[in-house]
């Protein structure tokens, strides 16, 4: 029972990440009709916002280690600590959550530039061309990041107070051994908040209504004489922001490296398609569903029964869902079927 | 095409001329001696050429790109030293050595590079290019066992010697060993043999281990070796769970550990997988746990400094084994760290070390054989005993082409004195303790002549 | 008159064969004239040409064709292990087994269209990859890849009394070794045949109907065509091409690794096809050549070699050029790849072939481009 | 109008019996009964949303009626795949041109000819298009009938809308259907083009063919139809000769009032 509960938590947590990435992807899909293979790169850029913010905060005074003569080795002490003592240490400790402040303008700007500079010229082009151009862009972004940060993962720890685990078991009056990392709980809450915010934005603002109308029928909205171009730019920037925030918050769980976007790319496409093209609730549902199933499939009880099931569960479920439901969980007819 | 690094072009050309001339003079007697082998025709025989080409096949993209970059630094340094430039590094400490600093057999060493992408196909394609197009006489490098085994197999077919880079799986010099392949790096069997006693001393004999194992050949090899040695000293193995390579999020594998009753987690992961699983295991509070009245422990059997960087704080205090560390105080290590540090401003990684040593060993074997003819070079390497290369007295065992030498057991440094000071050496496990019979791992070397 | 001559199959095939077979000569100036790369050009050319029969003609974007490449390779290596070192049975079996898998996967995946189809094929291929990497290790030898062993039974060979005493046997075509240039010529000959078949398909009523399905599938149904079997046939044919390429890869280099089936490998053939020009006859082949060239040659360049290449320039210019180009070669070759993808899509939406047409137009050859090259006029 | 009138009683070709179709709560068709007789040109008229297109879609397999039967030359059509219905001899010409925009005009006409010859599926990858002389000639002469032959090698997507409509007709005609279903063949056409189309539909092979025409334009209907059925709110309210329909009070009441709005 405990094992199942904790795997459920794992699944929700994974699902939160999948859903968040898929959300931005399907937003761009549904409204702009763009197959964005650079979406994983946006997620990665988000994580690297956290990395760079941490690097900035920890700009250090270097004290040479005199015992080493063959090369320069330093013991580093961040200036923030030198100037402000414990306050400085505390600020550095909160680098990841604080970096959200940096990520918001940066990701919006990246989204804006990407849409204006590239994506908008590809709305009318074939999906194959969209794939090629965005894939090329993703590779370039990746290589640029590698040039500056190297190929190794970079540790970006969560703040000290939340680096431990919460006694979930005790809270629910269950096994006291049942613990769960605070940061993962925060990630879950954070992604639920972002998902709700995106839904609320689309549901309750005029802007959102236009976007939703656009997702339902792009051509009609274009005919209404609404300046759809401007709105598309904003939608894309929001998609980039959501991906970026997903990346920032994921950094303490998965130390960022330049390739992490590609690792998530295929998965996020599977999530979007299983959810149904152009359906936001579908993407969220599929994200959580696949996350939870993946967690359960890796339980020894399951994987000893079906060897290898944990390796393929996501794809297996995707195949089954797509064969049973032609347009995924909540897709509409005629969207991306040609 | 393949020149050494960039000096202003005029100077460089001038230099090559003189070096080349010197080479001809130096090699003149050799050509005489070589008569016996001259009849044998072999691939990429440099014959009258003034240069000899080595092929450096390292990961330049993919997860091990940083490690590959460090390997390449080491290779370039080795080439410099062989050609008599720089301070000579380990050439001065290697014993016995026939290296003179005039290239190999009087021929200036040049090189070509390739990207393995840490994929068997790409690595083989790149090795083939260096052999077929660039005329490489020897291939070396790599940062994973799958690639090493794939390239080693190819080199056997092509009749080109392969000096493996970082490869830790038993199979490289076991099941899949080849006559043309040589490994200086240690393997999982040796890791197990070295770690076992240290684990016993640190954590006692009454422990229950839980393995998380990367689901591919190296992972299984590692798991098998650690199990073998820990179970022999009385540890129990609670479970050994396979994790998909590149899983990213390991939470679903870590949570079952929490209530399994195990008190030790063994992470048979390397690279990104290791960084991720360790980071996440610590987040789940495993290291703060008490099980069966004992502090919960995490062990990472294969360590490298570059990986330790990625894991950050989480690596502190964790035990593992490594092939070499720059902080070693022996003469050879010091000489190497000195010249590497002077050249690149940073210490070499263990991958860099093994690659540097392999290049020197190959060059020395050619000098010993007095020819580049691979079967003779192989015979010179087989059973070669040497010292002064950072791992104590070492032997290239003839039966499986595995180097036997001291193994380091290390611990993540609790209080690093600098950004490079991430691992502290717990023990230099003597060679005798990690040696095993060649029959243990099976395999067949194959013929000298191909 | 000239135009008709150029359009005739015989002339096209003669030119094509001449160009392919002389590749060792004309690739010399770009440093690609060594057996392995030439073999890769031919083999991935076959893969891309076959993929184009599905994607170029029907518009169905499969993201899982690498699975058939991998299956072909595994089949071929098993044929070497169990039957004989002769490549003929290996290649035939590779094509057949890949075809069977293509039939199964195609039958299921073609129940959907558009991106749903793409994801289905991707999912099947990823499952094949993951399983081959882990639980299917007894069949695939996992990460290391399936290799030959001296103790392999090789039933047919031993029937003819071929005994391998020392080391591993080599793959051969009735005695001709498959390594080096002979391997290239075998691959080139197969490429020529494969290209001819593709040409015939493009210019047959069958190919025309596939194009019509791409153009307007609904209309095809009301015009009296059962489109599913057409699509399935195209899928199986392209799967068999992939199996052929995989079998050939293993024939020239008897090792089959799981990574051949990863999504990146599937993506590669998609990129080759789009880059060269979807639906053109020769474009996918060009795309394959360009990508393999970048992967093998650009990744091997370094600063000193660049200096060498730009030696003819004055020193100050040389320094500038070397410093500008350096980030794009060696470990930066991915950057070149990414930039090339973007440049081609932005400036030549029809792929390299569109560039060729534009140049032709500049010189006054040919008339306005027809979208479908294979179209009989 | 044509002599077909005289043998109305000869043979029922298409029989629609008691067909119902609902979408959600909406009755698109309620208990529709209709008989198309061999040789006649039968027009179905009715205001927008009367269910004309739904009725057509039920015949060609795009929609499956909730109940009732559609029998064509004695064969039940319900549940049959669209391509099989085509081969049974019932061919539809679309309202918005459903052509193959990327292919040339010639190819557009050759494709349906292939369907006629090759059946629903034929694998002949080694036959060359260049050797398909018979079909090409037939396609060329069909194009000529519709005055499209001079730009036979242009992309169908690039020609004018009126030309596309004629191309549609050519694509239908080349299959020599037993029954041709035309969905508003002149919608959106200028008067001159409309007259030309009427001319085409009334003469030659087209003229002899059994046809069902859905049409808005009364001028077209009365120029072409032998019999007319009037559909309103999913019901057939009248069937008869043009004269009968013109004078039917029910039609006047239910239909013509609304037509003014439509025009």
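Going by the order they are written in, the chains are A, B, C and D; count residues from 1 in each one.
As a convention for this text, a residue touches a chain if its C-beta (ideal position, glycine included) is under 8 Å from a C-beta of that chain, and two chains touch if they have at least 3 such contacts.
Worth saying up front: this structure is predicted, and the values here are computed from it rather than measured.
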Chain A to chain D, fewest steps along touching chains: 2
Contacts common to chain B and chain D (chain labels): C
Of all other chains, the one whose Cα centre sits farthest from chain D: B
Centre-most chain, if every chain is reduced to its averaged C-alpha atoms: C
Chain centre separation in whole Å, for chain C relative to chain A (CA means): 34
Mean-CA-position distance for chain B and chain A (Å): 36
Computed distance of Cα centres, chain D from chain C, in Å: 46
Per-residue multi-chain contacts in chain C, two or more chains: 130, 133-134, 334
For chain B, residues that touch 2 or more chains besides their own: 61, 65, 69, 215, 244
Contacts with 2+ other chains: residues of chain D: none
Set of all touching chain pairs, with the criterion as stated earlier: A-B, A-C, B-C, C-D
Residue ranges of chain C in contact with chain A within the complex: 55, 59, 61, 108, 111-116, 119-120, 122-124, 126-127, 130-131, 133-136, 217, 263, 267, 270-271, 274-275, 278, 327, 332, 334-335, 337-342, 344-346, 349
For the chain C and chain D complex, residues of the former touching the latter: 9, 197, 200-201, 203-209, 211-212, 214-216, 218-227, 229-230, 233, 237, 370-372, 375-377
Touch list for chain D against partner chain C, complex: 60, 62, 81-83, 86-87, 91-92, 94, 98-104, 107, 110-112, 114-116, 118-130, 132, 153, 155, 171, 175
Touching residues (chain side chain C, partner chain B) in the complex: 31, 33-37, 40, 130, 133-134, 137, 142-145, 147, 150, 166-168, 170, 179-180, 249, 253, 255, 257, 259-260, 295-297, 299-300, 302-305, 307-308, 311, 315, 318, 330-331, 333-334
Residue ranges of chain B touching chain C (in the complex, touch as defined): 1-6, 8-9, 60-61, 65, 68-69, 112-115, 119-122, 124-126, 128-130, 132-134, 145-146, 149-150, 153-154, 156-157, 171, 176, 179, 215-218, 242, 244-245, 444, 446-447, 450
